[in-house]
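Presented sequentially are two complexes of subunit A, the first with subunit B as partner and the second with subunit C.
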Partner chain A sequence: MGIAKFIVKRVLLGVLTLVVVSIVVFALTQALGDPVEAILGREAQPASVAAMREQLGLNRPVITQYTDWLTGLVSGDPGVSFTNGVPVLEVLGDRIWNSLFLMLLSALVSIPIAIAVGTYAAARRDKAFDSTSSATSLVLASMPEFVTGLLLIVLLATNVWQVFPAVVRIRPGEAPWVDLGALVLPVLTLTLGVVPYVSRVMRASMIEVLESDYIEMARLKGLPERTVVWRHALPNAIGPTLQVIAINIAYLAGGVIVVENIFNYPGIGLALRDAVTDVNVPVVQFIAMLIAGIYVVVNLLADVGTILVTPRLRTRLR
Partner chain B sequence: MSVIEAGLQAGLDSGRIDQPRRHRGVLVAALGLWRTRIGLLLVAVLVGIAVLGPLFAPYGGTEFVGPPFNADAPGTVFGTDKLGQDVWSRFLLGGRTILLLAVVSTLIGLAVGAAIGLVAAYNRGRLDNVLMRTMDVVFAFPNLLLALVAVTTLGRRSWVIVLIVAFTAVPRVARITRGAALGVVERDFVGAAEALGESRTHILGREILPNVAGPLLVEANLRLTYSIALIGALGFLGFGVGLNQPDWAQMINENRPALSTAPWGTLLPIFAIALLTVGVGLVADGLGRAVAGVDRGRPA
Partner chain C sequence: MTNDRRLELWLPRAMSRRRLITGTGAAAVLLAACGGDDTATSPSTQGGGQSTGGSTGTAGSPATTAGGSATTAGGSATTSGATPTSGGTLRVGLVGSTNDLIDGQYIVSKADQARCVTGWDPVVNYDTDFNISFEHSLAEEIETAAADNYVIRFKEGLEFHNGKPVTAEDIIYSFQRRIDPELNLAPGLAELLGPDGMTAIDDRTIEFQLLRPAVTFINSLAEYTTTIVPVDYARFDGDVSTQIGTGPFMLESFTPGTESVHVKNPNYWGSGLPLLDEVQIIDFADAQALTNALASGEIDAAIDIPFAQVATVESDSNLRILESQAGNWLVITMAIDQAPFDDVRVRQAMRLIANREEMVERVLAGHGRVANDMYGVLDPCYPSDIPQREQDIEQAMALLAEAGQENLTIDLFAPDDTAGLAELIAVFADQAQAAGVTVNAQVLDGGTYWGDEYTKRTFATSFWSTRPYLIQVAAGSLENAIYPETHWPPPDSDFAEKYEQAIAETDDGARCEIIAEMQQEEYDDGGNLIPFFYNLVDGHAANVRGFEARPNLLNLDHYGRGWKNIWLEG
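After this line comes the complex of A and B, so read on.
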């Protein structure tokens, strides 16, 4: 009962967050900024400015523009592209699925690696692997994705070795998994962005578990250290890491923007850059809401998941 | 949340870092760590290039010196770029903008975030709740996405970029400041100041702020790496300030197509941004360890 109430409250908070986000997105693009000025420039003829305002429906009161846009968004009709009048969903098409696939693949690769690195570092605390991995994490955590991605291209695709392709070539209508070799570098770039954070928290959580009484008990029973770490300690150490894992999966939703542009991967990140360049406001607004939506949902699932796997927190709910 | 921030937050939650009063101690302890020293060295070199570099540029930023994308153009060290301009000169000229914008936006974000965090911690109750919930909402948005949304119709003017980058820093700074200040507002000297009838600004600014300076200093460095990364990412995507202005991130964007034939136009700015962010990150980590260590009563 307590849990149901918590979930309802958490979902309502998520919806509220998305409403606020929609106000921010709308305000930045259509209220504070002027799409017509951005498209035509500041020295445009008043007549053509007026005509374009009329055509894009920017003459309506701001509140009406906002509510119309929001109702459209909720009912699955996010408007038409400014540049060619095609519905936004049609413009994006497969790109949404391509991006979701890239995010999912990166999560599936990076999270297990991060858990393994953190666990191994904790089990061999202050040994060579621990200090090397923590130094590497520190360096990688500070570097922006576009720097990591480009350094990988320099190292593995062009200047030093030519192992993987530097660009992803997916033709329209083609599934992104037809050429997995081309996905190695994009996934690796996102992985290097996730592993430092998750492995650090995993290591700390693991160290705490390894110092607990029941682990001492397992060791005294004479179980091999490997079984103790991977069988007994690991499941208990993952709980506290869940939140950070979720934050990092949510991070992937933003991370794909840069990574898709580095590797020319046909997803919403690439579409977003084009839309910003062309001042294609409806497309920008839709992609922003989509990414924010993924962000909110992942965080919500993590909060609920953490509560469910942590008895201590579960009993604290009233 | 970053690695260091997570550690700091863990320290704050467990009450281990409540009050780094001995600032000098923190700085000395941080300087005793190799990571801080290496970080400071990297920062000094890169800031030196950004600030003093323009004095040594052999050519002007937009001067035509030879055919485009020619790695061995005569009279140049690193060849020419997309428009036949000197790569080395543009590299020396291109650090100022990104560094200046990053520092200014970090300072604004820090000031606003710290103010919100202090007010929330001091007032508690409803105001605290409203402020921190608002911060959570701002959190629900990837920084780069927000910046891209903002430049769509507001344009890529410097003030737009500075304000939006500052805005993305506010929630995290507010959270860290509030966390550190919660332990301070309970202390006797705050009660004493209240009894003396000191103004609220005095209490927040003169009594509480100095006692959260340690965590705030760590946070300032972290936010600086994020600001550089964010402004860099905008430039990399082609939304930097000013067309054809020499700028590290924009150089990467322009010269990337010729990565295999004329690599220096891309490599020099990549290395510069990489070393700068890593340097600032190392300093932040050193300070973070010192802040956590000093209060545990042993040298870090």
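After this line comes the complex of A and C, so read on.
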């Protein structure tokens, strides 16, 4: 069956991508600095330094270190933190779920909004809504996330109005959705980072679709414009947009790091920052691979989704 | 599931100067390296054989004995006549990371400091004049038999968090742990005291025989990490029930990088204290998020408000700024054995180029006071009669011309991870132009800066916190100092001999004379350009009562001495 084979091919390609990424990540983390010096300090005795290198497994040949790490990663054991010997998964624990939740929530909020904005702008092309949303999109797209985030804090948390909290406090063991009000600003920041791009592409795709023959046909048949747009045009316009949506969702994985820093959100973003400073190589590697994995999975879903949504491509697969 | 690659031999992280300022943002941040005493006075001991009475705290109370002393601390909380109320939870925010640790006798970052002070009490402490006091500490009297022999008597009825009484075994264990070479908690103390130097005279009196005469031993007792822990105490390793101390709050939970929760100690030796039920110490990623959290009411107190945010916080009627003068300093260092600074006239010229008032304005936004190229400003022996050095471009140019260094061009280095240093070299470079000196201000990445080249550069910068003069000398101004930044003293100087004399001198007056000579020599010929002392600037909500703005070594009024005097109004 065409689709099944396609999916399998894509999955294998995804795995290959991850392997290549793992090599790059491993190579780059070797350049982070000397973990032993970061942990023991400059004036450590040579004996302590040697002992720690042994403990951290840094005396093994590089290839062995890489293969050991990779096999561990695949079997669910990404190693132990260099700074305190605790397994990486335990160190990151809740933080992974917290970050994933923030990403998911932001995606669920931003994508429908972006689609709606893009569709509406295309349907009312060149009118008030379109020009306003274009201008706003341009401004938002040009602002780095931390600027957007800080502006939102000034506007809604500390200076102008004090409606939302400026930081997100999730206590150890609590679920990330325990205080949805506190999540408004971080999600809004990420949303304002994603909507400009997706809505623009949606708009462009929608405009093209609205000019096609079958839409003309639907209008001639007398269908209300709303039905034409939302039931006939939209499903066709989404296809090309899925790739951009996928890229933006994957971008959220990185964007979450900036947002976590601004709002003090207890996720992997903060842990990554500490790990880099401490040259805590296993933690850095794991988080990098996690984000890479998210990219690959989301792109895979987008590819499959595109196929499913575009019958023409499906037939081409047979 | 256990991981067989788990580190068994995990060695405690040695003190690294950089670690202390990581992540603390724009506020002035800097912390004593371990081994140096974090204090600013010489001990106020009388000549041999007399015991030190406790000097009084700000409330004017007499020398303290067991139990009753703490109530005098309660007196200082009622500054506006409001009556302290019991109960409530205090949320304190500070910059922390997943490297947070809890150890009653060791800290790396300010987050660790706060947690240490919350759960453990020191042997002695300083009052606001930086004289030795027993108000907030476990000892009640120290008898100095000789510069190398001390007898310390502890307060009666001291108990740990679990109700177990403090005994001589606990005290001896605590000191042995402090000097244990494997743990390396206090190298300075380890040089003075050997593991067999302690003898119990009775259950609360211990005799200390030092390895060498050193009146600075008493300063080491005043370090906030010189605390008493129970026998077999070890650093936090996942189990909160092991973190037993004598302090006002007990550890209930701790998640490094996120928060720690401390609950009221019902057995606390200060009767009626602490007032609060619970203290939460919450980690933040950076100073900006911390300040935002304070402004939006998520936390009740925050340490190290960035200078740029101080005005904003002050303008908020629900918040208060707490500013304390301390003796922390930033410095431009000149290596006295490297050209061009091997000529003393060039060193003097550099010091005359500095416009210190301008530096306080431009680097600290006014949150500091002018310094006179000498450290140890809070030490009772600080020579305040030495005239304040002022900018004198003419004289500077004359000195440079004499030394054949007119139109000198030179590189000056600073790290990017220490608040104020990058700004300091930029301002100095500006000021140097007036004297025809071209200073190339170079900011290096923190890791590189504090790496191999640190203490080897000709012209560089550094940071230090408040210390007694002699402790600071041992830390930076001797040939075998921990951080010999200026390669002081010069070969033909008797500075090192004077140091040996001073630390063996038990008579305060005589010791101050020696110190004055040493300070004068550093003032005249030294390699340090110390432009100012910067303040500690913290913030808290208006309803948090009990903090006072007074000279302190640690933020938030020495963390409220473990928050015991702090209460919530309304």
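We adopt the following convention: the second predicted complex is superposed on the first by the 301 of 318 C-alpha atoms of A that agree within 3 Å, B and C clash if a C-alpha of one lies under 4 Å from a C-alpha of the other, contacts with A are read in each partner's own complex, and residues count from 1 in each chain.
Everything below uses one rule, namely that a residue touches a chain if its C-beta (ideal position, glycine included) is under 8 Å from a C-beta of that chain, and two chains touch if they have at least 3 such contacts.
These figures come from a predicted structure and were not determined experimentally.
**Student:** Check subunit A with both subunit B and subunit C modelled on it and let me know: fit or clash.
**Tutor:** The answer is clash.
**Student:** Could you figure out whether subunit B or subunit C reaches more residues of subunit A?
**Tutor:** B
**Student:** Please work out whether A:77 is in contact with subunit B alone, subunit C alone, both, or neither, and reply first, second, both or neither.
**Tutor:** second
**Student:** Who does A:284 touch here: subunit B (first), subunit C (second), both, or neither?
**Tutor:** Touch status of A:284: first partner only.
**Student:** In the overlaid three-chain picture, which partner chain does A:247 touch, first (subunit B) or second (subunit C), both, or neither?
**Tutor:** Once the two structures are laid over each other on A, A:247 reaches subunit B alone.
**Student:** Is A:273 touching the first partner subunit B, the second partner subunit C, both, or neither of them?
**Tutor:** both
**Student:** Looking at A:25, would you say it contacts subunit B, subunit C, both, or neither? Reply first, second, both or neither.
**Tutor:** After superposing on A, A:25 lies in contact with subunit B but is clear of subunit C.
**Student:** Applying the document's definition of touch, where does A:169 land relative to subunit B and subunit C: first, second, both, or neither?
**Tutor:** Second partner only.
**Student:** Now for A:195: first (subunit B), second (subunit C), both, or neither, which partner does it touch?
**Tutor:** After superposition on chain A, A:195 lies in contact with neither partner.
**Student:** So, does A:139 touch the first partner subunit B, the second partner subunit C, both, or neither?
**Tutor:** The answer is first: A:139 touches subunit B but not subunit C.
**Student:** Considering only the touch criterion stated at the top, classify A:17 as touching first (subunit B), second (subunit C), both, or neither.
**Tutor:** The answer is first: A:17 touches subunit B but not subunit C.
**Student:** What stretch of subunit B clashes with subunit C when the complexes are fitted on chain A: 9-17, 45-53, 63-71 or 135-143?
**Tutor:** Once both complexes are placed on chain A, subunit B clashes with subunit C in 63-71.
**Student:** Share the list of subunit A residues that count as touching for subunit B in one structure and for subunit C in the other.
**Tutor:** After superposing on chain A, subunit A residues 33, 150, 153, 158-159, 166, 261, 273, 275, 277 contact both subunit B and subunit C.
**Student:** Quick check: in the complex, which residue numbers of subunit B touch subunit A?
**Tutor:** Within the complex, subunit B contacts subunit A at residues 1-3, 6-7, 10, 35, 136-137, 140-146, 148-155, 225, 228-230, 232-233, 236-239, 252, 256, 259-260, 263, 266-267, 270, 273-274, 277-278, 280-282, 285.
**Student:** Quick check: in the complex, which residue numbers of subunit A touch subunit C?
**Tutor:** Within the complex, subunit A touches subunit C at residues 33, 39-44, 48, 51-52, 55-57, 77, 79-80, 83-85, 87, 91, 150, 153, 157-159, 162, 164-167, 169, 171-172, 260-264, 266, 270-271, 273-275, 277-278.
**Student:** Which of the residues in subunit A end up touching subunit B in this complex?
**Tutor:** Touch list, subunit A to subunit B: 16-18, 20-21, 24-25, 28-30, 32-35, 37-38, 137-139, 141-147, 150-151, 153-154, 158-159, 166, 196-197, 200-201, 204, 244, 247, 251, 253-255, 257-258, 261, 272-273, 275-277, 279, 281, 284-285, 288, 291-292, 295-296, 299.
**Student:** Any idea which subunit C residues touch subunit A in the complex?
**Tutor:** 3, 5-11, 13-16, 19, 22-23, 97-99, 253, 255, 257-259, 282, 284-286, 288-290, 292-293, 295-298, 447, 450-452, 454
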